[in-house]
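Same chain, two partners: subunit A is paired with subunit B first, then with subunit C.
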Partner chain A sequence: MPVICQLKSVRKDYPMGDLTVTALRDVSVEIHAGEFTVFSGPSGSGKSTALNLIGCLDRPSAGSVMLEGRDVATLGDEALGAVRARRIGFIFQSFNLIPVLTAYENVELALRLAGVKDGRDARVKKALNDVGLGEYLDRRPAQLSGGQQQRVAIARALVKQPAIVIADEPTANLDSTNGAAILAIMKEMNTRAGVTFLFSTHDPDVVAQARRIVTLHDGLLVNDTSRPRAS
Partner chain B sequence: MWFLITLAFRNLFRNKFRTALSSVVVMVGVAIQIFGWGLVDGGDENVLRAASSTMTADVLIRPSAYPKDNLSWPLAESLVPPPSLLDAAAASGTLAPRLLFNARLVAGTEASRVLVVGYDPELDFKVFPRTHWAIDGTWPAEGQQQVVVGRALARLLDLAVGREIILEARSFQGALNAYTYTVSGVVHTDNSMFDNIGMWMPLALADTLVLTEGRRTHLALDVHDGDVAAVAVALDTAGFDAVTVREETADMLAVGDIRRRAVSFLVLIIMVIAATGIANTVVMAAYERVREVGTLMAFGMPRRGILQLFLIEGAVMGITAGGVGAVLGSAVNLYFSENGIDLSRQVGVAGSSMSMGSVLYTTFAWTPVLASVFFAIAVAVIASIYPARYAAGLVPADAVRAE
Partner chain C sequence: MMFSIAIRNMLRQRRRSLLTATAIMFGTGLLTIGIAWQQGVLQGMLGKAAAMAGHVRIVTADFAKKEQLFPIAENIADTGPVVKAVAELPGVRGVYPRLQLPATMTVGEDIGEVFGLVTGAPLEFYTEVLDLDRNIAQGRMMADDKEAVIGLTLAEELGAKLGDEVIALGQTQDGSISPIKVTIVGLYDMGGGNVNKMAYVTLEKARWMADIPDGATEVVVFCADRDDAEAVAAAAGALPATAGLEVKAWSQREPWAGMLQLQNTIQTIIVLVIVIISSLVVLNTMMMSVLERTAEIGVMRAMGLRRWQTLSLFVTEALVIASVGGLGGAVIGAAGGLYLQKTGINVGSAVDKLPAAFPIATTVYADFELEQLFWSLVLGFVMAVVGSLLPALRASAIQPVEAMRSRR
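On to the complex of A and B.
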């Protein structure tokens, strides 16, 4: 499968007063289309930093971040925002839905920001149907359960058909039943539609579902294990 | 943009109480500004109307040496108007000659200093139609020793129609004359000065009392056509000064201007308080919504979009609060522009030479309303700049994980 994303000798430093904390040290990794990959490691290992860089939320201190063959580390704020808007979907631990928007509007927001004008209504409804929330279009986040909110977040991430979906601890705020259901939806999207997922997680269930596990420790990539696709 | 406006509007309703508190100050500021300006403009109109309907008409012509302070009325400075001036004035409109002088009114054991207005019964009614005047009784009949007195003066001296009074005055030559007259009417004019100290008699009686032999102190011109200011300049001839009603009331209008500035200063203070409240509201909104801002950024909203969102929230608050304030201020203004504010206690004091109408009608105009709302919006947007910049400057990687 083609390479969607690549970190090349990436280092990320954070200035902390007079000190500099290095969150990633010379990390190189390739993410291929259709992968279901987990970045694992203890707190402070650098997995969130790696996801931030791949998700174009941040820039490396050194090295390059290639997304679909383009070095995004050199892009300005606006161009980076445009890349995020069109090519990257995000699923967050705390769902991060906009409270004043309905489920429909939250999903539509992703298409608006991606500049999609045609067929928006049909795409939003299909995305919400796909996660089983076709009947909850007009509900605001406060009127939905945690599991339902995370489903809306998945629909929002997928509606624009991104190159990669970055999921930061997506099951951490859910009970095991809802967590499993959310994971099943994402697994199904990966299998059926070939959506590329990249996780940061401590959840053993998520790790168990991953076909590839990239382990980070103290900012270093210490292990990269792939499992064969189940037939 | 419409989406941002919708989002901004809904965001403001997330904390209704906080938004309402900030908005109330803006509303009060706008309402005070509109009503205050209406009051001051109404005051100016009141002064102009009082002067033009009783004293100056469009153009007032006086002997050059005659005092302009409306406090003393010396017969010594009266002049016989030259035919050239009368002809020139008549070519521009209708001219009403008057003779104003001080006299002493004695009614039984009571006495008071009064301002006598000698008027031409035919011309004076054309130049001063007395539309808004009210009279108990009648104006003096021709050939009768009759006078009309101002209402506050009548009240002070307990004068009623039919009462006999004695008027003492020094003639132009300095002799003391006194005649007995009958009060034929008690008048309420548009001008408190005449109500408080005024007494009206036909010119023929005045000439007899003070022996002025055709001398006049005032010539009031009702301009039929043309520019009033140009007419005044043209009539400003040797020996006589001609002024428009605005020039004549310039001092009073200057006071109005000071009042207008005072209102504006008060509104400015209120708006500074409002700006602080709005800034606080939007700052709190920005601090509370860091993760939300991060999410919008993560999904590609550019920094200028975030900036616009918070500025629009401020603007929506300004528009809403300014709009409500404008409606309230306009409603109060319109009420008093119809019903007026009774100032008779303030200006209707016998002996007072304050030249104002006893009822003040506020003035309603769209310009101050629109200016006030625009000002409120500008204040709200300016107050939102700091929080908007704070939100737009957030680092998306940190903001999406903010608690």
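On to the complex of A and C.
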């Protein structure tokens, strides 16, 4: 499969007063289209930083971040926003749905921000149907369970058909049943539609499902293991 | 959808939105009432001043220089040609010679200590311009040279009543002592204060007192429209009949020129203070909204919401609140303005001590116009935009990675 995203000798420093904390040190990694990859490691290992860089939420202090062949580290705020809107889907630990919008509108917002004008209604309904929420279009987040909210978040991330979906601890705020259900949905999307998923997680169930595990420790890439695709 | 989000966010924190709307409502309402009131004060003063001093005044240059001293000697010896020439100008409604003569007023035998101003003008001036006949509180208008109408305040100071004879001790133009004796046939009330301190006599009586048989100290001109005063003054000043005389519109003369400038300054200050206070309330509540919704904004920014879209989201929210508050303020402002226009406010003795140059009536009425309401509403939106701009800029500067760090 083609390389969809690449970190090349990336370093990320955070100034903390007079000190500088280095979150990533000379990390290089390639992500291929259709992968289901977990970035693992203890707290402070740099996995969230790596995902933020790949997700165009942040810029590296050194090195480059290539997304679909383009170095996004050199882009300005507006251009990065446009890349995020069109090519990257996010799933967050706390679901982070917009509380004043219905499930339908939350998903539709992603399409609007991506500049999609045609066929929005059908795409939104299909995305929500795919995550089993076709009957909950008009519910607001407060009227949905945690598991249902995370399904809306998945639909919101996938509806714009992004190049990559970044899921930061997506099951951390869910019970095991809901966590497993969410994971199953993402796995199915990956298998059926070939969506590329990148996770940061401590959840052993998520790690067990991953076909590739990139392990970071103190900002260094210490292990990169791939498993054969299950038939 | 952004408009929809703005409206729903407004409804989300109802109390806070209500507080913001209330600030704008009071700001808009106060602006409307304040401006209507101030316009009322100004219009009241201008109306009285115009009636007393004319839209355009023609005097000798020396009279203008020393007018505070009432220099009777610096008069227009023959006002006939001036009145005739100016009356023919377009936009002129009336032209009247007039004398204002300082005098010591006495009722009875004792020499009085009450200082008064004896005004002599044609009877048409009193009835057509000053509306003196419609402001007679007791008695009637004077009919001949032996009669006078004086103000209630002056009558009170003199201890005079209808039918009393008043002796006004003044001067002729060459400085000789010159008394006149008139019978009080009417007491007028033109709104209290120093407006009620005049003694009105016929032009002939005043001319006799000052020994100016055909002239007057001034010629006052009234225009069909007060706003045309400067144009009429320019036209009158160019006439041969007024050569060597000073011809000025009310707005070109002190204290009115200064008063107009002062009025504009005061109005600007009032507007600024109300806009700033209301904007600060809007700023405070909107800033709280931004702080509470930092993570949410971060998510939307992560999803690709642009900076300008973030900015417009908050400004739109403030404008929606401003529309609600502004409408409420319009109702309050219109109700308050109309009420004050109808009933006025009695400012009582506060204006009694003012000099005669400031003819403010005791009861001051607001001058409410729909245009004031329009501008107050516009300023309501200005309050919303000014107050929400800083929070909106702050929101638009939120970096998604920072905003979401606390809510992963």
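Here, the second predicted complex is superposed on the first by the 231 of 231 C-alpha atoms of A that agree within 3 Å, B and C clash if a C-alpha of one lies under 4 Å from a C-alpha of the other, contacts with A are read in each partner's own complex, and residues count from 1 in each chain.
Here is the rule we go by: a residue touches a chain if its C-beta (ideal position, glycine included) is under 8 Å from a C-beta of that chain, and two chains touch if they have at least 3 such contacts.
Note that the coordinates shown come from a computational prediction; the quantities given were computed from them, not determined experimentally.
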item: Joint occupancy of subunit A by subunit B and subunit C, clash or fit; value: clash
item: Which superposed partner A:P99 touches (first subunit B, second subunit C, both, neither); value: both
item: Partner chain in contact with A:A110 - subunit B first, subunit C second, else both or neither; value: both
item: Touching partner for A:I154 - first (subunit B), second (subunit C), both, neither; value: neither
item: Touching partner for A:I164 - first (subunit B), second (subunit C), both, neither; value: neither
item: Which of subunit B and subunit C A:I182 touches, first, second, both or neither; value: neither
item: Subunit B versus subunit C as contact partner of A:G81, first or second or both or neither; value: both
item: Colliding region between subunit B and subunit C, picked from 58-66, 94-102, 166-174 or 238-246 after the shared-chain fit; value: 94-102
item: On subunit A, the residue positions that both subunit B and subunit C contact, one per complex; value: 48, 52, 55, 57-58, 77-78, 81-82, 84-86, 90, 92-94, 96, 98-101, 109-110, 112-114, 156, 168
item: Parts of subunit A lying in touch with subunit C, wherever the complex brings them together; value: 48, 52, 55, 57-58, 77-78, 81-82, 84-86, 90, 92-94, 96, 98-101, 105, 108-110, 112-114, 156, 168-169
item: Subunit A partner contacts - residues on subunit B that touch it in the complex; value: 3, 7, 10-11, 13-14, 291-292, 294-303, 395-397, 400-401
item: Contacting residues of subunit C [partner subunit A, same complex]; value: 1, 4-5, 8-9, 12, 295-296, 299-307, 399-401, 404, 407-408
item: Residue numbers on subunit A that touch subunit B, as the complex places them; value: 48, 52, 55, 57-58, 77-78, 81-82, 84-86, 90, 92-94, 96-101, 109-110, 112-114, 156, 168
